[in-house]
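This is the structure, below, for whatever I ask next.
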Amino acid sequence: MQLADQLRQTRSKKDILLMTHLVLGYPSFAVNREVIHQMVANGVDVIELQIPFSEPMADGPMIIKANQESIANGTKVADCLAFAAEMAAQYDIPFLFMTYYNILFKYGLKDFLHKAKEIGIRGFIIPDLPPEEGEEYLRLAREFDLAPIQIFAPTSTEERMRTLAGHGAGFIYCVARRGVTGSKTEFDASFDEYLARCRRATDLPLAVGFGISNRADVQILTGKADLAVIGTATIRLVEEKGAEAVGPFIAGLRG
Amino acid sequence: MQLADQLRQTRSKKDILLMTHLVLGYPSFAVNREVIHQMVANGVDVIELQIPFSEPMADGPMIIKANQESIANGTKVADCLAFAAEMAAQYDIPFLFMTYYNILFKYGLKDFLHKAKEIGIRGFIIPDLPPEEGEEYLRLAREFDLAPIQIFAPTSTEERMRTLAGHGAGFIYCVARRGVTGSKTEFDASFDEYLARCRRATDLPLAVGFGISNRADVQILTGKADLAVIGTATIRLVEEKGAEAVGPFIAGLRG
Amino acid sequence: MNKPGYFGQWGGAYIPEVLYETFRELREVYAKAKADQAFWQEYLALMSSYSCRPTPLTRADNLSRHFGGAQIFIKREDLNHTGAHKANNVMGQGLLVKRMGKTRVIAETGAGQHGVACATMAAKFGFACTIYMGEEDVHRQRPNVFWMEKLGATVVPVTTGSRTLKDAINEAFRDWVSNMDTTHYVMGTVCGPHPFPEMVAWFQSIIGQEARKQILTSHGKLPARVYACVGGGSNAMGIFQGFLDDTEVELIGVEAGGKGLDTGQHAARLASQDASPGVAQGYKTMFLQDSDGQMRDTHSVAAGLDYIGVSPLLTDLWEKGRVRFAAATDQEVMAALDLTIKKEGIIPALESTHAFVQAFKEAGELSRDQAIIINQSGRGDKDIFTIAHAFDDPSWKEFIRKKGEEYAAR
Amino acid sequence: MNKPGYFGQWGGAYIPEVLYETFRELREVYAKAKADQAFWQEYLALMSSYSCRPTPLTRADNLSRHFGGAQIFIKREDLNHTGAHKANNVMGQGLLVKRMGKTRVIAETGAGQHGVACATMAAKFGFACTIYMGEEDVHRQRPNVFWMEKLGATVVPVTTGSRTLKDAINEAFRDWVSNMDTTHYVMGTVCGPHPFPEMVAWFQSIIGQEARKQILTSHGKLPARVYACVGGGSNAMGIFQGFLDDTEVELIGVEAGGKGLDTGQHAARLASQDASPGVAQGYKTMFLQDSDGQMRDTHSVAAGLDYIGVSPLLTDLWEKGRVRFAAATDQEVMAALDLTIKKEGIIPALESTHAFVQAFKEAGELSRDQAIIINQSGRGDKDIFTIAHAFDDPSWKEFIRKKGEEYAAR
């Protein structure tokens, strides 16, 4: 089943879905393994696996640090692919790759997508690859039936959103605010207006990310969005309280 | 009697005359007093008393230092005049003032010359006052019957020497070489040629100074010049061996 | 026809969606300005009254005699206000910022020259200004940091990644995605997402326009070769554009050979075998990266050349064979600097000196009736700490030691 | 008619006999050059190709608005090669040295700007070069000493007297009386024995010639006032000469007020009551001296203004009421420097900033349709140690402390 339909189906059983994020190889694959176990066990619906890149232009301090240290620890793209294969085989929720375009480009676009498909990855989030630069990528994604997740931003016009939606699949990643990952988001009137705009522009499921860090945030999004994206929050949690803290945290975010 | 005639008279009794030099107030007037006593007692014929100036442009390290320290010790022009008066009264050899023009200018040219005359000074050596700038000075010197000693240099043309001689009185101070006071002079063929040039240009007595420091130097000058000028040498001597060494040194310079 | 923003297969605009509108506006304002004769006139007037344009083309007779070959001419970008060609770019972008009605500018800086130039422009135009600078460069170029701060700019030392130019660029983008409404990012070189490479090249083309006129006047014909150092490539593109259509004029870009091309400690993207095609910092070019696409650490005695990427325009011209590339090692640079100072009384920046090195290697091959131009992108004053250190000057070290003690005592 | 070499009662040539012929030759060569149209053309060509002449006249709109009075224009001598107006003088004398066939030049220097300029000229013309610099200034201006040495000059720290500019001049003369056959003394300012004041003023007159043309073009009429700092007086005479006959243009010379005119710790000869007529260093002018004629110690934050005497040309113009004199204190200078950097993105030398201080005090009195020109004789980069220290910049001190320890460790 296509990712979008699968998410709609799950969504019909839950008020809101949770997508979590982690940086591969940080602090270690062993910890990643434990964190993912806890996430799945506590009902996470989608997980984005970030392949570290030396120039994480769109990320904030926390995730930059994770990217750097993972690479410094010797994490290679091949290791990430192997780990992702293991996870996708072990858990039957959708896994996505989040990374920057150079990782795909350098690996070889076609080879990378082919490999991703092979190991059971369902789609990609590539923040530095707008559709104008991604023709080949979009074509291959369609060919391999992988979801090239498109990103909406508060600065996107409705017309622009329609264009993006036209290229997208799986769901739309709605960046909640300006800026980079990791800092707090204000869910004010203009945010609602923004989400309404997103909604008008596409019937793909809407995921909202950037600065979602607790139950209150998730509740605000419930009914407005289909997926809440928890990124930096879990990384910080693991940093401070260790992997075993992830389970209770996730469990506490909903219902 | 005019200074020139007086020197010619003394010269007729000696192969060569000795003119010595000291910086007033350095190391102290007391030492100056002792040094002058020793000089006169040992047959020095003329003494130039240098009034210290803060910018002794034509002097070398030794005499620069003497100028600076004398001023630093608080030597004032008035002290120098008083001391000179005392010496001129006490010894009946000619005393000259050597200094830079600003000392006279600032005191008041006429007042200074009048004062000098009054205390028994016989003439001046002013290295930074060429006749072109010294019209008033030359006029007043003549008026007060003081000798405005003119300076010949190895770079002076014979014509220039004649001009200078025309303004001069007492004797001509022939600078033995290029450069400043204090360093050694080579008495070579070109030096003889230079002295011959000086001789041709004037019938005033010729004094030779710069780098004359021992008996050998004085001997070389004997027969060629009328006066040998001992400058830095005695200052260095006092510095190293004290005032009492001056007598024997002077005594040893001639015959 | 190329895709817009592409030069051959190089360039593009790999930007996060949140900046889409910002770039649309920038492309628009830039296109309008380019189409508007009056804008270029305003730019020329500013550069001739606030900076010292046209900058002279100096005939270096002593160096020419020394190498006994070509007549060596030096294009004097060092005489610009703030001491480098960077002034051309910042003043041009400053005029665009006024047209966009923005009130704040941000910039990355390596050597600190672009940072000083940008802070200067901001002071002159009354913009708020934040400069991102790799922490390592902050140490290498302290005097420039001091001046930026005196000019009213906030200097943010960047502690991520390799703490040099590339990381400063990432940090500037992170600021921009938060503040694009009020803020323009003054990219310092002919790199980054479209339209930056093309736009910065346009402002720097003033160098080549002047140089072409000047060499024809003083030499009577075109030069045989033109040399420029290449960090991002802006001073090189600036002067090269004056001669691109003159196929008889050979264009040579000189990169940072650092400790030697075989040591891996260099910043030679096109002159070495170590770079490969990649996409980072918003554009596609040849990057110094590993097989996974992770960027490598680079090294150069010249902070301004110490960068992983290179202008897509130059990569295209290199691929097409129009521009030849060479590298100069740190050591060669110090020797050429010493010679240039002693022979001509001219003190090029360490970056610029890279161009001198290659010109000196080749001048002897040419005949006396041929001319070469070296683009002196900046002056070396700013580098005194690096240069005095590299020359191991004892009285300088003693002076610094004493001053240091004096400050420690307080 | 005046005596040759006199301006009113000031000037002259109070030189030791041994230099008589040397000065005769110099006067002759200078007179020939002045009579020879081709010489000035050669000079202009050199200054426009090796330095950046004509230097711009920059319109300082932000400062004008800030003071709400006259339109403020800044003559940009800081954009000269080596960063100050001193280049005009050394290049001119360099051409004369070539004509005299001498092979060595010597010079005094205070701020080090003239020393660097002279060492630069010597490198360009292939002369041997020795620079005399007061030991205190060697410490105040280390970077300039470093560059002079890199330029191939021998820098001799002068330890006699007050170890500043005046003593460096004495020492240069002592060298000259020994080596006049091979050596020319490149006096750095419009002081010293005739023909130096007149000759240096001639070379510097290029500033005023340009400035007059430029202000008429950009302002449409003559300026109400022209401000210049006065050490020896060369940059001031340089710009003033463009307006001497325009009686409606007021000329203001600004001296170093140091810690205040009432403290005695200053270098204000004509703006204070402390100077009196005297003869030293080969010429007659107003000197800071005691009642015996012994020269006093002077003080200024700007080494280049820290001098006992002043140009006989200026003393004459002051006596005749053509040039008004004022003084700026060290403290006022730091404040005006800060304002100028922040408002216009321009960093004047500490010497030059003295002129800004007085202009800022008066700009408000004038109306918007009046213009004033400030002569920015040089750039402040060279002063970074003094300026950073004066602004008590903590990160700068920390940086110096660290570097110092690094060098101590070796």
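Observations, loosely collected:
For clarity, chains are labelled A, B, C and D in written order, and residue numbers in each chain start from 1.
We adopt the following convention: a contact is a pair of C-beta atoms (placed from the backbone, for glycine too) under 8 Å apart; a residue touches a chain by one contact, two chains touch by 3 or more.
Note that the coordinates shown come from a computational prediction; the quantities given were computed from them, not determined experimentally.
Distance between Cα centroids is largest for the pairing of chain B with A. Rounded to whole angstrom, the centroid-to-centroid distance between chain A and chain D, based on C-alpha atoms, equals 66 Å.
Rounded to whole angstrom, the centroid-to-centroid distance between chain C and chain D, based on C-alpha atoms, equals 33 Å.
We define each chain's centre as the mean of its Cα atoms; on that basis chain A and chain B are separated by 98 Å. Shared interface positions of chain A, defined as residues touching 2 or more other chains, are absent. Shown here, the protein chains touch in a chain-like sequence that does not close on itself. Under the contact rule defined at the top, the touching pairs of chains are A-C, B-D, C-D. Within the complex formed with chain D, the chain B residues making contact are 53-58, 60-61, 64-65, 68, 71, 76-77, 100-103, 105-107, 127-130, 132-133, 151-157, 160, 164, 175, 178-180. Of all residues in chain D, only 12-22, 160-161, 166, 170, 173-174, 177-180, 276-282, 287, 289, 291-295 touch chain B in the complex they form. Contacts from chain D toward chain C in the complex involve residues 48-52, 55-59, 62, 76, 79, 81, 83, 119-124, 126, 139, 142-143, 145-147, 149-152, 218, 338, 341-347, 381-382, 384-385, 387-388, 391, 393, 395-405, 407-408, 410.
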